[in-house]
Amino acid sequence: MEQLASLAPYVLILPLCMFLILGLFGKKMCPKVSGLLGTTVFGVVSVICYYIALKYFFSGEYQIGETYQQVTLFNMEWLRMNQDLVISIGFLLDPLSAIMLIVISTVSLMVHIYSMGYMHGEGGFQRFYAILSLFSFAMLGLVVATNIFQMYIFWELVGVSSFLLISFYYFKHSAVRAAKKAFIVTRFADMFFLIGILILSYYTRTFDFDKLTFITDGHVDAIVNSDLRTMTFLGFPVISIAMFLIFLGGAGKSAMFPLHIWLPDAMEGPTPASALIHAATMVVAGVYLVARLFPIYTFEAPHVLQIISYIGAFTSIFAAIIACAQTDIKRVLAFSTISQIAYMMVALGVSGYGGVNGLGYTASMWHLFTHAMFKALLFMAAGAIIHAVHSNEMDAMGNLRKKLPITHITFLIACLAIAGIPPFSGFFSKDEILVAAFETNKWVFAVEYFVAGLTAFYMFRLYYRIFWFGDPEEGYEHEPHEAPLNMTFPLMFLAAVTVITGISWAFGKVSFTELISSDFTSYEIHTHWNIALPSIGAGVIGILIATFLYLEKTGRPNKAVSYIKKPYLWAYNKFYIDEIYLFVTNNIIFQRICQPIAWFDRHIIDGFMNLLSWVTNKTSQETKEIQSGYVQQYAWVFIMGVITIVLLSLNL
Amino acid sequence: MMAVIFCINGEKKSLIRTIMSVGGFALLCTSTYLTIQFLELRQIDTTSEFLFTESAMWYERFNIHYSVGVDGISVAMLLLSSIVVITGVFVSFAMEEKVKEYFLWFLMLSIGVYGFFISLDLFTMFLFYEVALIPMYLLIGLWGSGKKEYSAMKLTLMLMGGSAFLMVGIFGIYYNSIPEGGEGTFNIQEIAANVQALKANGGDISWEYIFFPLTFVGFGVLGAMFPFHTWSPDGHASAPTAVSMLHAGVLMKLGGYGCFRIAMYLMPDAAQEQAWIFIILTGISVVYGAFSACVQTDLKYINAYSSVSHCGLVLFALLMMNKTAMTGAILQMVSHGLMTALFFALIGMIYGRTHTRDIREMGGLMKIMPILCVCYVIAGLASLGLPGLSGFVAEMTIFVGAFEHTDFFHRTFVILGCSSIVITAVYILRVVGKILMGPVQDKHHETLTDAVWYEKVAAFGLIAAIAAIGMAPLWLSNMIGGGIENIAKLFTYGL
Amino acid sequence: MNIPVESYFILSTLLFFIGVYGFVARKNLISILMSVELILNAANINFVVANRFLFPELLEGHIYSLFVIAIAAAETAVAISIIINVYRQKKNIDAKSINELKY
Amino acid sequence: MEYLTASNIIFYILAAAILLFGILTVTSTKILRSATYLFFTLFCIAGLYLQLNYEFLAAVQLSVYAGGIVILIVFAILLIKGLGEDKEVNLGKRRIMGLMAAIIGSITCASVIAKYGFLPDYDTAAELTQSVDMQMIGQTLMGTKQYEYLLPFEAASILLLACIIGSIAIATKSKEVNK
């Protein structure tokens, strides 16, 4: 315990220091040095994270019976609002944050290594590493947050580092636009998050997770002891509203419909950043948030949980459909990410609490873990491909399997994993989600089942288009070649993780349910083959269709598209959601609100002030006319004055 | 302590730049020293409201004293002022014409500001308020740019209009707070005690209902409260850089500070009764300023409207009348002071190079002057409330505090206030995206140079202060909170 | 010699106001000057009449009138020199054209 | 009929003439004519003084006023070109103002006079007809006793001197400026 407590601060301090050092002095360093420095330091951080996580899980120190205990490694008062409400910066260790530590440190370390190759020779290399360090700091801070406000703090920091990374190529209009969009959309969601926090914390008089999620007898203590249980607003229980608002915050970061629009555009950033932030870590923050507050959701706001599952289901199918029609490989992956995160949300939405009931919860976290690995892998592989062909478009690719062998193999592994083919990791996590959905809500299950097939289809469409399908029309500018080792190493490493976790699960070596569950108590589950088999079937069917259409260069895809021209076009244009947003922001907010307000200010308010000054001015102008300088006028006034006085004194 | 500050001010008058910066630095040291001393003394002496008090009669007939003293709030404000003043001095190094006169008036302005913050006597306070106001006219009118005469006139007249209200308010307070058979006083503490005594004895306090709005509006004009804010965009746009900094950074805080120290402290009952009117007004200015900023094209206008929004939040928080929100308000004052000073400093530097403030004519400056632009981004982030920078601390404290009110009316306005953080993000990012990022718009801009040393000193100094507050807000918050308590306890839900 | 004193007063009043009218209504400076003379004379009449009817043994009003006449002469001399001066500068002697004293 | 003595008739004639010429002075469009009418007015006033048996005053009036001042004015008029007529552009408004002042003023004064009657026993004609001898005037002007006016006399003479110097100064200075 003491040992971990003494180590824990370094998890946050080191990346922050790196950020400051690289940010302030990066300019003076040689790029290579800064890259190496960043990577090495983050390597140390990863080791600490691993150490903490492994120690936590396997030393047995932190278990009472089968239940993992929540441990606060350190907690430091940061800002005191009033008697009860204190924002602290601390380090909360429980299975949830331990798992996240592993995910983040792994992916982040891989991205650090990968970027050394990918970003080689780019201007602003040091800046990239600085922001990467900032992001790692923020993300780690987020997952180890001891209170909801600390989470919010790092939540914002994550958002801003995402902004900075997307706008890394700041001289490109599209990048700047995408960055702005990402930031504003998430910020919009964060506002709801903040309001949710305010409501929740006002009534429970605490920000701390350990108090907020403390459960006795199937109720959350903090809430039972407050007015929240009985309060309603507009007919809705206030607690539900609060939790829904908090979920909206998560939805913004996790790109749930309809707040998903920023994620595809965020692909304007450098690919390693996309891999880290927009695929593996930051976007699952929403899932993490819901998971973190899961006890409140499940006990006090079950309806919200239901809504979450519906939104998740809709988003997953929605994004999957769009993914089928995209031609930019990073965008396909982006929509796939949206869809997969929605999967996790669904899993949380259908989950119950405790033991097997909490299967969805476990599955969600498990899927988060596996997805982070293989999606980061996919992105990095995509990065390697882009690095090789200098384009994001599918049309500029094809037949790359010989030219990029390592990328090809690792990409295939990841595709199989995401398509849910055993024994890769994705199969198991996805399977559990389907099981959990099946037991709770058949409709959601049906949707998810379909999405599983769809996922297999679009992933293999991507795979075939890149690695098979024949050479691109224009040919390659110069022969694509395999990326250097520092780029392929992360690919191989992540592929290995994907395979090994899958296999070890298959052979029962590591059971995820032992590590993480809704009440942190381990339980046993078995693979439900009655659901697993059809889901494999769906995956296989998806793959087969993709094979049929895209293995060779034929007219089949075009033909297929011609059958569903309209829907295809809709999906290709992402169902015009972007356009709707654009309309709302441009035409309604800017033109209907901002412009009139500015006009009102300049003309009415300021006009009123100017009118006042005009009136004053005019009056004094008129008054000064009396002082005309004409002697005769003065004389007249004088005489009349005298006469008046006389008349007055006469009392006539 | 006061005397030291004045000595420095006095000695600097005939000298220029170097001496100015040395003086400014000395001022900063003095303030820091004062802060440390204050914190130490506070440890020992936890009872008295104000520390370092001094008093000297200067107009016997009305019992007007020159009495000064500081509590946590004024210390924070003094610290803010000295930081802004010294950075302002550095920023003004580029000044070419009439340097001596410029600094003279600049000093006059700062004397007014310091005096205001440390005064404990209504009349002295008002005196310093005016002392701070008048130099603005000259500074803008002589060293400004654009329609400077108009702006200077507008600014001065509107603020003077405000102080007319204020004067009525002050005399109203003075005459009505005279205890029966006793002598009238201008001393704030004594007045507060008298008013409380009056209330306790069941005396007539209906006069508060007349003079509270007058005083509040009087200071509200300076605090850029809707609809009395229109001097701010024009004034800021025309003022020279350092004056904008000092004005938006410190002078506008006089408004909030005055509302707090005079209007609310001396007339707590009326404040509670009539708060709703001003909550509506300030709520409007929060959102309204932010929306207006979204479509402006002049950098300084954007920032001025942003100030309207932020200062609106200050007053809004004050009106929430509990300790947390009020602490937030003071934090917001400090934070906004620093960050808006940074903004104006940077805008001035950019303007000095590009000779335009129209955002449509700029673009891609990040490539040309990276240091300035990074500073600008940081200022922007502070403004939109990024954690780790001061804006966040302040805003969150305000929102948490404001949320203590459970009724529908307050809740609505709190949520309205929260929405401003999104709009803030919109306009900040709009500017950042437009002028700093993207391709270079104007070929002539490519040859421009980055910051020179004194500009760096100014910008980094402010950033350091912003970050320091953002990273470790607790000491400041506690220090302010100590001062707030005395006032907050007058209100029903104060503590 | 039994003219009522009121007749004199009425006479001087009327003359006075004729002068006032001239002063206000006339345009050029010389006319104004002449109106002033009328006014002075009206006053003189009053002095003289009052002196005659009230204190015939004394000479107060009489002497006063003498002074007035003397001063009127001086005043006229100065006024005319000013008028000529104005004329040299403005090329006219309209009272309206010498309004530099305004505001 | 008692009032219709010769002196009364002369008074009324004089009064009528004074008023008539006064009116003509201020209304005549030709300025030279105004001056002439002014001269007549002053002349008649001198007549009035004579009637009151103030011969010396009448003489002064004639010599200084009618003889000096009016001549001065006439010279000034002649010196200044284009003063033949006194055409007024916006005469209406000013004329109305003047008339207003004059009429209201006259009525006011008249009412004052009517309200406060003067000297009910004014017809001690013997006293009134007594003429003033020059010696007395001289004594009064140069004496230093009560009701004697040496000091004002000296002041007036200094004033006159000052005026003469002043008018010369004004006239010459402007010449230099002009050239």
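Note that the chains are named A, B, C and D in the order they appear, and that numbering of residues resets to 1 at the start of each chain.
We take it that a residue touches a chain if its C-beta (ideal position, glycine included) is under 8 Å from a C-beta of that chain, and two chains touch if they have at least 3 such contacts.
Please read these numbers as outputs of a predicted model, since none were measured by experiment.
K.L.:
Taking every chain's C-alpha mean, which one sits closest to the mean of all protein C-alpha atoms?
P.N.:
Taking the mean of all protein C-alpha atoms as reference, the closest chain is B.
K.L.:
Does A-B or A-C have the larger number of C-beta pairs in contact?
P.N.:
A-B
K.L.:
Between subunit A and subunit B, what distance separates the C-alpha centroids? Give it in angstrom.
P.N.:
37
K.L.:
Quick one: report the Å distance separating subunit B from subunit D, using the average Cα coordinate of each chain.
P.N.:
Centre separation, subunit B to subunit D: 73 Å.
K.L.:
When the centre of a chain is set as the mean of its C-alpha atoms, what distance in Å lies between subunit A and subunit C?
P.N.:
Centres of subunit A and subunit C (C-alpha means) sit 98 Å apart.
K.L.:
So the centre of each chain is just the mean of its C-alpha atoms; given that, what is the distance between subunit B and subunit C in Å?
P.N.:
67
K.L.:
Pull out every residue in subunit A that's touching 2 or more other chains.
P.N.:
632, 636, 639
K.L.:
Using the touch rule from the top of the page, what residues of subunit D touch 2 or more other chains?
P.N.:
94, 97-98, 101, 105
K.L.:
Residues of subunit B touching 2+ other chains?
P.N.:
none
K.L.:
Between which chains does touch occur?
P.N.:
A-B, A-C, A-D, C-D
K.L.:
Sort out for me which residues of subunit D touch subunit A in the complex.
P.N.:
94, 97-98, 101, 104-105, 108, 111-112, 115
K.L.:
For subunit D, which residues are in contact with subunit C within the complex?
P.N.:
2-3, 5, 7-8, 11, 15, 18-19, 22-23, 25-26, 31, 34-35, 38, 41-42, 45, 48-49, 52-54, 57, 60-61, 64-65, 68-69, 72-73, 75-77, 79-80, 82-83, 86-88, 91, 94-95, 97-99, 101-103, 105-106, 109-110, 113-114, 117-119, 122-123, 125, 127-130, 132, 136-137, 140-141, 147, 149, 152-153, 156, 159-160, 163-164, 166-168, 170-171, 174-175, 178
K.L.:
In their shared complex, at which residues does subunit C touch subunit D?
P.N.:
Per the stated touch rule, the residues are 1-7, 9-11, 13-28, 30-31, 33-35, 37-38, 41, 44-45, 48-49, 52-54, 56-60, 62-63, 65-67, 69-78, 80-85, 87-89, 92-93.
K.L.:
Write out the stretch or stretches of subunit A touching subunit B in their complex.
P.N.:
77-82, 85, 87, 149, 152-154, 156-157, 160, 163, 167, 170-173, 175-177, 179-180, 183-184, 187-188, 190-191, 194-195, 198-199, 201-202, 589-590, 593-595, 597-598, 601, 605-606, 608-609, 613
K.L.:
Which stretch or stretches of subunit C touch subunit A in the complex?
P.N.:
Residue list for subunit C touching subunit A: 20, 23-26, 32, 95-96, 98-103.
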